[in-house]
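Here chain A shows up in two complexes: once beside chain B, once beside chain C.
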Partner chain A sequence: MKKYLSFFRIRFLNSLQYRAAAYAGMATQFFWGGMLVLMYRAFYRADAAAFPMAFQQTASYVWLQQAFLWLFMTWGYDNEIFAQITQGTIAYELARPIPVYSMWFLKQAANRSAGAFLRCIPVLTVSFLLPKPYGLMLPDSIQTLLLFLMTLVLGFFTMLAFQMLAYILVFYTMSPSGVRMVMATAGEFLSGGLIPIPFMPQKMQDILTLTPFAAMQNLPLRVYIGDIAGGELANAVILQLFWLAALLFVGNLWIRRALRRVVVQGG
Partner chain B sequence: MRLYFRYFAIYLRGLMEYRASFVMTLLSQFVSSFTGVLAVYFMMERFHTVEGFTFPQVLLCFATVLMAFSLAECFFRGFDTFSSMLGNGQFDRMLVRPRGIVFQVVASRVDLSRLGRLLQAVVIFCYALPASGVSWTPDKVLTLVLMVVCGMLVFSGLFIIYASICFFTIQGLEFINIFTDGGREFGQYPFVIYGKEVLRFFTYIVPLALFQYYPFLYLIGRSRWRGYMLFPLLSLLFLIPCAVLWRVGLRHYRSTGS
Partner chain C sequence: MIELNHISKTFRIAKRNAGMKEAVKALFRKEYTEIHALQDISFSIGKGEMVGYIGPNGAGKSSTIKVMSGILTPDSGECRIDGLVPWKNRKEHVRRIGVVFGQRSQLWWDVPVIDSMELLRDIYEVEPARYCRNLDMLAQMLELGEILRTPARQLSLGQRMRCEIAASLIHSPKILFLDEPTIGLDAVSKIAVRDFIRQLNAEQKTTVILTTHDMQDIEALTQRILLIGKGRILLDGSLEQLKARNSAVRTLTVEFSGGDFVPVEGEGIHTVQLRSGHGVFAVDTRILSVSKAIEQLSAHAEITDLSVAGISAEELVVSLYEEFQI
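Right after this comes the complex of A and B.
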């Protein structure tokens, strides 16, 4: 926890230095969110009956997604880590008193949450102030809000654990671009980053619900808008915990095997 | 022009040295833009039409924008990486060479790895051209060609603006991505679906709709007015402010000294 906090502080202060970049990022997110809401409006007008949820729920999903983009974007890799692996500076990491896996995991968690922290407040505030069906709605109870926060954190960890696999894969491929790009875009689509999972065909939804992808942004956002509740929610949380544990386990095991192959030559 | 082909051939040869990596990047580009198609497919399957456009029609529009964008990215990519060119002094070397600056920037980088997207656009066209129910008379073919070519030029204009801003800031400003990447992403659907204000914005300010929406109306036979055919040419007016900004930036330029 202390390590996480110190990483968080470094990153937070660092990103405060690049305020122009943060403003630019925010502008992009407002634009992106606004356009998406307008797009769903067009579909809503085309056939309201085919809409899998209320319009405002969709709008809220879009705005939450934009607000917490930094937590869940699958393409946000840390190039430093790739460089460490391909150029061999990982040797320094191995000399540190924390396991490499935990180190990278914490660093990722800190970087992303620091980025999200800066950006989510304006997006949430402005989208909340937007006129009724287009803006962000309030959750229906305090309990929902707490459940949202809980699944948000767990979903964030699941996402990170999934992404760790992409880093570990680079130990074997040494060229980071191809595989990680496919992983990022496929992951984005399957976790409901392009269109929310309820908009996909029923069969696909049934399958996706069982995968770790549904445990990432899909679950917290849909808990917030009240789309998942009751028994369904309990099941989803259990699955989420399972996938988080499984991904962490696999990642740890795998990195140990990968590291066994690493030869540090000195010099 | 001959010089450009020389450059081009060199890139091609360089690329073929790393063929496996090239094919991988191409493939991953293809896969990654495929999820976009899939998203459109799922939406259209659920709702059937949007603003009266059918799935093949939307795809036609999608492919036009995608093709225009990826062509622009292929050939005018030099402007996209301009900030690093300024940063590492490569640009200073260009200034002392006896060729046009724009030419050199354009020729400095031909990014064929972007062909993955182009390939995607071609595949979608293969499906959408017959399926959209357009009878492909010569004037309609001409319209489509104009849409793609002018679209490419408008996107290139946006890249030039992006590069021109670098003259002042050295760092690239990411907000222009709203119009390049955003134009590509949201241009999947005809701009009219986002409402009147958005359409107006993309007509008069950043004229993406001039090559995407208006000629498209003529193409699919929603409008019989032939004037729409030539609307893509109007979008080329956008290149004037781009060129002015570039000139101003160039005059303002001071080397970073590295």
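Right after this comes the complex of A and C.
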């Protein structure tokens, strides 16, 4: 925990070092979120009955997504880690008294939560203040809020554990670009980043619900807006826990194999 | 303290000839060559020793360091450092060692060095009191001062290297591995780094193992030299012993005019360097006396200036490389 805080600190300081990037990031989130809400408004005007969620729910989904973008974006990778693998600075990581998996997991957790921390406060505040159907609604009960926070954390860890596999894959491919491309486009779509999963065809929803992708941003955001509750929610949380455990297990096993073939060449 | 027994490591390296056709062919079938990076390496190093590990590029210096620091798993052989096998008890082992890879950086690029130090403090779980003491000591010995508050990317190479060394010592390791710590540094920084290492070894009794191509490093720092070539340990001894081995050899540096020198290769003499007007020759005085050698040389051309010198560490190494044909 202390190590996590320490990474969080350095990453937070790092992002403060680049203030312009932080401001620009926030502006992008507002702009992007606003565009999406307006776009959905147009669709809802055409036929509100065709959507499985009320407009306010959809708008809230969009704002939450923007606020916690840094936790769940599938295209966000730490170039430092890729560079460590391809350029051999991993030698230093291996000379530390923490397993590499844990170190990278911590680093990622710190990177993303530090980024999210900086951005979520203004986005959440402003979207709460927006007029009724366009802004972020309040959860219907304290219980929902707590469930949201729980699934948010679990979903975040699932995301990280999934992403770790992408890093480990680079030990074999030695080039991150392909891995990134696939993860960014496929992962973004499948996890409900592009459009919420409930907007997809029923068949696809049925399949996706079983995959780890549904356990990432999809679950906490839908818990918050009250789109998922009761028995369905319980099942989803169990599945989320299963995927988290499975991904952690596979990642740890795989990295041990990958590290055995690590050769840091030259110098 | 450090025990290596019959350590071997082989790498497979993909190779192909130049050209499009070959590249396409390699898509389907890759050819590999095996490189024996380490072959049957054995040595032992005692507590508080300072050892220079030398050898030409690709000889296996860094590989040995990586094996000893738990980064590389050898194919066969045993290694015990302070009772631990580095690649098996990695976690406990790395707590007791510090490593500097001269060609890579462990500092966070964008934040002041002091932030990296604090992160390392937490990674190694150093108690605050000891951390402060170590940092004070390192800052003073390496003259870090203001440098600590500068982002790593804005440091000069010499400043950065001093910080790298400080970073690898923040958890007071018993053994310090330095892989080319003076690479690319200017004379002043080199001397600062050397002084520090010497002081560290003397005061803290830290065992230091250092690889380098800089013979002045070796001369200034180490009592003991390990020479590695083509993955094998070729020599193990003190610098004095090695020099004594070659003490019969004198270097003749000759300036001459008129006539082109043919490279002289004869009994007890061989040409080290030759260009117009200037020649360097090694003379083995056990076979050929210096005066005879001069006589031989003056038969070829008009000598205008001449100096005779014993062997320097630099030449010693060159002659060792030649002797072992590596």
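As a convention for this text, the second predicted complex is superposed on the first by the 264 of 267 C-alpha atoms of A that agree within 3 Å, B and C clash if a C-alpha of one lies under 4 Å from a C-alpha of the other, contacts with A are read in each partner's own complex, and residues count from 1 in each chain.
Here is the rule we go by: contacts are C-beta pairs under 8 Å (C-beta built on N, C-alpha and C of every residue); 3 or more make two chains touch, one makes a residue touch a chain.
Please read all numbers here as calculations on a predicted model, not as lab measurements.
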Which of chain B and chain C A:A50 touches, first, second, both or neither: first
Partner chain in contact with A:E188 - chain B first, chain C second, else both or neither: first
Which of chain B and chain C A:N14 touches, first, second, both or neither: second
First (chain B), second (chain C), both or neither touched by A:M35: first
Partner chain in contact with A:M200 - chain B first, chain C second, else both or neither: first
Contacts of A:G25 with chain B and chain C, given as first, second, both or neither: first
Which superposed partner A:I121 touches (first chain B, second chain C, both, neither): neither
Complex interface listing, chain C residues touching chain A: 11, 62, 66, 69-73, 90-92, 94-95, 97, 99, 101-106, 108, 110-111, 115-116, 118-119, 122-125, 151, 179-180
In the complex, chain A residues that touch chain B: 20-21, 24-25, 27-28, 31-32, 35, 38-39, 41-43, 45-47, 50, 52, 175, 177-179, 181-182, 184-186, 188-189, 194-195, 199-201, 204
Interface residues, chain B side, partner chain A - complex: 21, 24-25, 27-29, 31-32, 35-36, 38-39, 42-43, 45-51, 171, 173-175, 177-178, 182, 186, 189, 193-195, 198
Contacting residues of chain A [partner chain C, same complex]: 2-3, 5-7, 9-10, 13-14, 17-18, 87-89, 91-92, 94-99, 260, 262-267
